[in-house]
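One chain, chain A, appears in both complexes that follow, with chain B as partner in the first and chain C in the second.
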Partner chain A sequence: MTLAAHSHAAKPLRKRIADASEPYLYSAPALILIIGVMLVPLVLGISYAFRDIQLLNPFSGGFIGLDHFRALGQDQAFFRALRNTLWWTGASVFLQFIFGLILALLLDKPFAGRGLVQALVFLPWAVPSFLAGLNWAWLFNPVIGPLPHWLHALGLLDAPNNILSDPQLAMWGPIAANVWWGIPFFAITLLAALQAIPRDLYEAASIDGAGPVQRFLSITLPFLAPTIAITILLRTVWISNFADLIVVMTNGGPADRTQIVASYIFTQAFKRLDFGYASAIALVLLVLLLVYSLLIVLLRQTMLNKG
Partner chain B sequence: MASIDIQSIRKSFGAFPVLHGVDLTIQDGEFIVLVGPSGCGKSTLLRMIAGLERISGGDLLIGGQRMNDVPPAQRGIAMVFQSYALYPHMTVRQNMEFALQIARMPKAEIDKAVENAARILQLTPYLDRLPKALSGGQRQRVAIGRAIVRDPKVFLFDEPLSNLDAALRVATRIEIAQLKEAMPDRTMIYVTHDQVEAMTLASRIVVLARKGIAQVGTPLELYERPVDEFVAQFIGSPAMNLLAGEIIATGAETVVRLDGGGTARSAVPTQTSDMGRKVNIGVRPEDLLAVSGDGLFSGEVQIVEALGEVTQLYVARPGGGAHIIAKLPGIHPDLRHKTVTFGADPAKVHLFADGRSLLYR
Partner chain C sequence: MKSKPVLTILHRLAILAYVVFALFPLFWLLKVSVTPNDLLYSEGVRMWPSRTSFDHYAFVIAHSAFPTFFKNSLIVAGSTAVTVTILASLAGYALSRFNFKAKYWIVALMLITQMFPLVMLVAPIFKMLSPLGLTNSLTGLVIVYTAFNVPFATFLMQSFFDGIPKDLEEAAMIDGATQFVAFRQIILPLTLPGIAATLGFVFTAAWSELLFALMLISGNDSSTFPVGLLTFVSKFSVDFGQMMAAGVLALIPACLFFLLIQRYLVQGLTAGAVKG
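Here is the complex of A and B:
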């Protein structure tokens, strides 16, 4: 009797444990992978921000609290990099978006050879960013590149100099490369959104007497708005983190004029080998981007709720 | 004046011709329904009148003015689309106001026009809703309202009821009929593939075939005196039965010996020269009667469709071929697999030679 009762009680218990652990067992592989690949480096990186980690100093590694952040508050180079980041990101995203939108609008109209042109237009996206950077650096080089001579001929430059070595103009070099490289992203996503707009809306609008501008403002833009919001959010985050072109083309120079936060982190970590300070800067950048994303998401949510 | 003159209008898409010279005159205040098989160009014709398709050749006159190159907004037309084509991010009110705001009408007049249209279409409670919060029927009423507020001379409807379910389609059809009644001086052109809409709404129906207009006439003209086999079979459902035969007696009444064995009498007059001519007789399913003794033909009833008010019989054709369809009033559960002889009133028997009706020559 007791044995039977015992086995009776044991079975449900074992089954209960199995039932309870079932969802965790299913999700374990994915969770372990995510934790291993994403969370561990993140926590490690965050912890570096509060430790003194310099690769060339064998005595470093101790916990120093908020010292890095205090230093950061005094670091004029960092604030310059922050301003440069705003400038770099704002100009790049804005120009990429404007040209991408124009390109998408042009590609939305049927014409002979559209398929070929579409394929060609999306080519820059396929070029590795550091190759693009090298090419653009050469294009701006007056010895081998045509751009300074053209700009001079157009009267935009006093002399055919390399703008990458001009402190006032240097930022435009990487921005130009970035715009060239990033237009296809906007063009692709906006073209997809454009092609999802029902054609008969434009027909109804033309019967209602709407001209091209009114059709664009009353139909095209409202339809594109969600796509525009999400692509601008994505591109802003990517571009503000995107140091490849700057590192390749100007390496932050001349005189830190093109140093953005991401390239400053790169310089601190891999040139000065001060991983602790670099991590502290990265943490600040992370927080800033999180706040920005949150604002955009909130904005989009309120827009969608209204609509 | 909103008469419409269509003068040998042609349309081709690239090298592919769709309409080869259509001529049609539409009087002020008519309700014209364009019907035809899919691909016949009925929607294209409507869109050319609207100005949404370029006219490849010929002239379009609205109120006596050539409109070929006039932009849609200045043609005095309004169009209701099959897909409604409402601006999804605008409220019902904004949808209806849109055209008036573009025309820079004073605010007070806009409000009056919108509220008037909303009242006619019972949309007043929904004015501040977005289209996505409306049912299909309400959306279509908004689309009609958007047309009404512009007070156009010509209304164009492109299959406006196709996306509605059956009950709503009937209700909206009646609303459109009432709308026409309320605006007797407005011309309406309506494209549909629905027989009932065509028959009930039209003052005249235009049947388009692949080569252009097959016949224009009042609904009953088309039903009673179709000009050819195409129109005969296109108007009426199920389609008119055609039976091949040979004329054996002419005069005020024609006698045809059918290839299947029977003989048919038709009230269509023929001349002596028609003797021996190969013809098709046409009888509508609803004109076939079960008779005892001699008739047009006898055949086995193979399929019985009991619809309650009528019973549709699919009868084996003598000599083989597609079923002959008969529609008998009432319920006939016992006719399946029986052989029945069918006859018809000579006044209801049409005659076609080489596809053309012998009534017209």
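Here is the complex of A and C:
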């Protein structure tokens, strides 16, 4: 009798524990993997920044304090990479956004065959980044690609040379590839935002006699503004870290003219196998990105308070 | 709204310009891949060679290591896509249906992983995987790619689960099913489009990944396609026809997945925008 009563009382408890642990059981496998393969390496990487870690040197591994950062302060290649990162990110984001916005506006109008056109113009987004890089490197190659000859014919180049080996122009190569590759992302996001604008607003505005430019400035743009802001901010961070195209197309050359911070980190780790120095640069990059994000959050806060 | 014919023509021309710009590089890839070697330099800038041949494809498929790279990439991208989708369905379901203490922290953790530059992890991950024998191994790549893709896929799956009414499981649970059975037998079949989209996204991401594959893989036997193609380019950079034939082959799976998921892209984002 007592036994039965006891087991009767224990059952809800066991069930309660089971219920409480259920969401954790669902999310545990994903969490364990994220912690093990992303969070632990992140912390490890931060510790490497203060240690002498070279893969091929068995005697390395000691704690060296701020030595890497002192070396970094003297490293002209690093400062050049910082300037290149600004140039690469600014030009890529600006051009992707402008062309993406125009494309989204064009696709927002219904026309015959829109589905097919949409699939075709968004196709570059599906091309693997390494292949996009190779493809554009080949297009810029005068032996095999048409672009140098066309640019020469237009008078933009003195001779049909490869701009990827011209220190003054090389950065335009990866930027062109990046713009081609990234327009669909902006266009998809902005098109989704455009289609969420209530259509009757436009009708009401045109009944009131507003022209297309006025409609764009007073309806479309204000509605798109939040999406534009968020997309540009996230994309800026993403593109400043995006080294694939540069590694594939120029490997940072000629004479480090296309080296950005992310590709510089990769080169230090992959070519020179200097994990300590690579991690120190990575830590600086992380701090810069954190500062950027904080500035954005503060800016948003002030703008919200004003509004 | 009536539009003037001039504007309509301008609109179509602009659309055409975008289509040409988007497709031209891929067209050129295809063109060089079917140009016979003797015409490659003499007909450099012609839009289409006077003679075409599939010799480059035949060579790449029969005499190069590319079929191995292709197989390796299929294994890695396929296993990653399946593993991520399973883990992300479970975690996304937990975030969508349960209210629990750690939920806020789990979301925060997953957001953080989307913020920091992954290139930071190249060195430490190599150091961690090396003693475990997971460098130069496809398993190692699958583990790394799975972890990288789980956070985004979880948010994606969560948004799909959010779109399914809760009453469905509740009805099943009143009939005596446990929540897990209700999840597996009622909710998962309803999310099939979402599962397909997640599989497509993750497959494409894993198929394209370059930097970690370069760092972690060194032998030909376990090279994925990006690593193999880049090694080929740096060793035999004059065999343009063969490289581009290999490039076209690498493009096929990514484009297939894209065509499968592209109609969900704008739709899904539009639905999200309306809801939010």
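Side notes on the structure shown:
One rule holds in what follows: the second predicted complex is superposed on the first by the 264 of 307 C-alpha atoms of A that agree within 3 Å, B and C clash if a C-alpha of one lies under 4 Å from a C-alpha of the other, contacts with A are read in each partner's own complex, and residues count from 1 in each chain.
Please note the rule applied: a contact is a pair of C-beta atoms (placed from the backbone, for glycine too) under 8 Å apart; a residue touches a chain by one contact, two chains touch by 3 or more.
None of the values given here were measured: they were computed from a predicted structure.
After alignment on the shared chain A, the placement of chain B and chain C results in a side-by-side fit free of clashes.
Of the two partner chains placed by the overlay, neither chain B nor chain C lies in contact with A:Ala255.
Contact with chain B, but none with chain C, is seen for A:Gln214 once the two complexes are overlaid on the shared chain.
In the superposition on chain A, contact is made by A:Pro198 with chain B only, not with chain C. Contacts of A:Val117 after superposition: chain C is touched, whereas chain B is not reached.
Residue contacts after overlaying the shared chain place A:Phe275 against chain C, while chain B stays out of touching range.
Once the two complexes are laid over each other on the shared chain, residue contacts for A:Pro222 go to chain B alone; chain C is not touched.
Once the two structures are overlaid, the count of chain A residues touched is higher for C than for its counterpart among chain B and chain C.
Of the two partner chains placed by the overlay, chain B and chain C both lie in contact with A:Ser206. Our summary of the superposed model lists a minimum C-alpha distance of 5 Å between chain B and chain C.
Annotation: chain A residues 203, 206 touch chain B in one complex and chain C in the other.
On chain B, the positions that touch chain A within their shared complex are 50-52, 71-74, 77-79, 81, 83, 85-87, 89-90, 98-99, 102-103, 130, 146, 150. The touching residues of chain A, counted against chain C in their complex, run 20, 22-24, 26-27, 29-31, 33-42, 44-45, 48, 53, 55, 102-103, 106-107, 109, 111, 115, 117-132, 134-136, 138-139, 143-146, 149-150, 180, 183-184, 188-189, 191-193, 195-196, 202-203, 206, 227, 237, 241, 243-244, 247-248, 262, 265-266, 269-270, 275, 278-279, 282-283, 285-286, 289, 293. The touching residues of chain C, counted against chain A in their complex, run 1, 11-12, 14-15, 18-19, 21-23, 25-26, 28-29, 32, 40-41, 44-45, 87-88, 90-91, 93-95, 97-98, 100, 102-103, 106, 109-110, 113, 115-128, 143-144, 146-148, 150-151, 154, 179-180, 204, 207-208, 210-211, 214-215, 225-226, 229-230, 233, 240, 243-244, 247, 250-251, 254-255, 257-259, 262-263, 265-266, 269-270, 272-274.
On chain A, the positions that touch chain B within their shared complex are 198, 200-201, 203-210, 214, 218-219, 222-223, 307.
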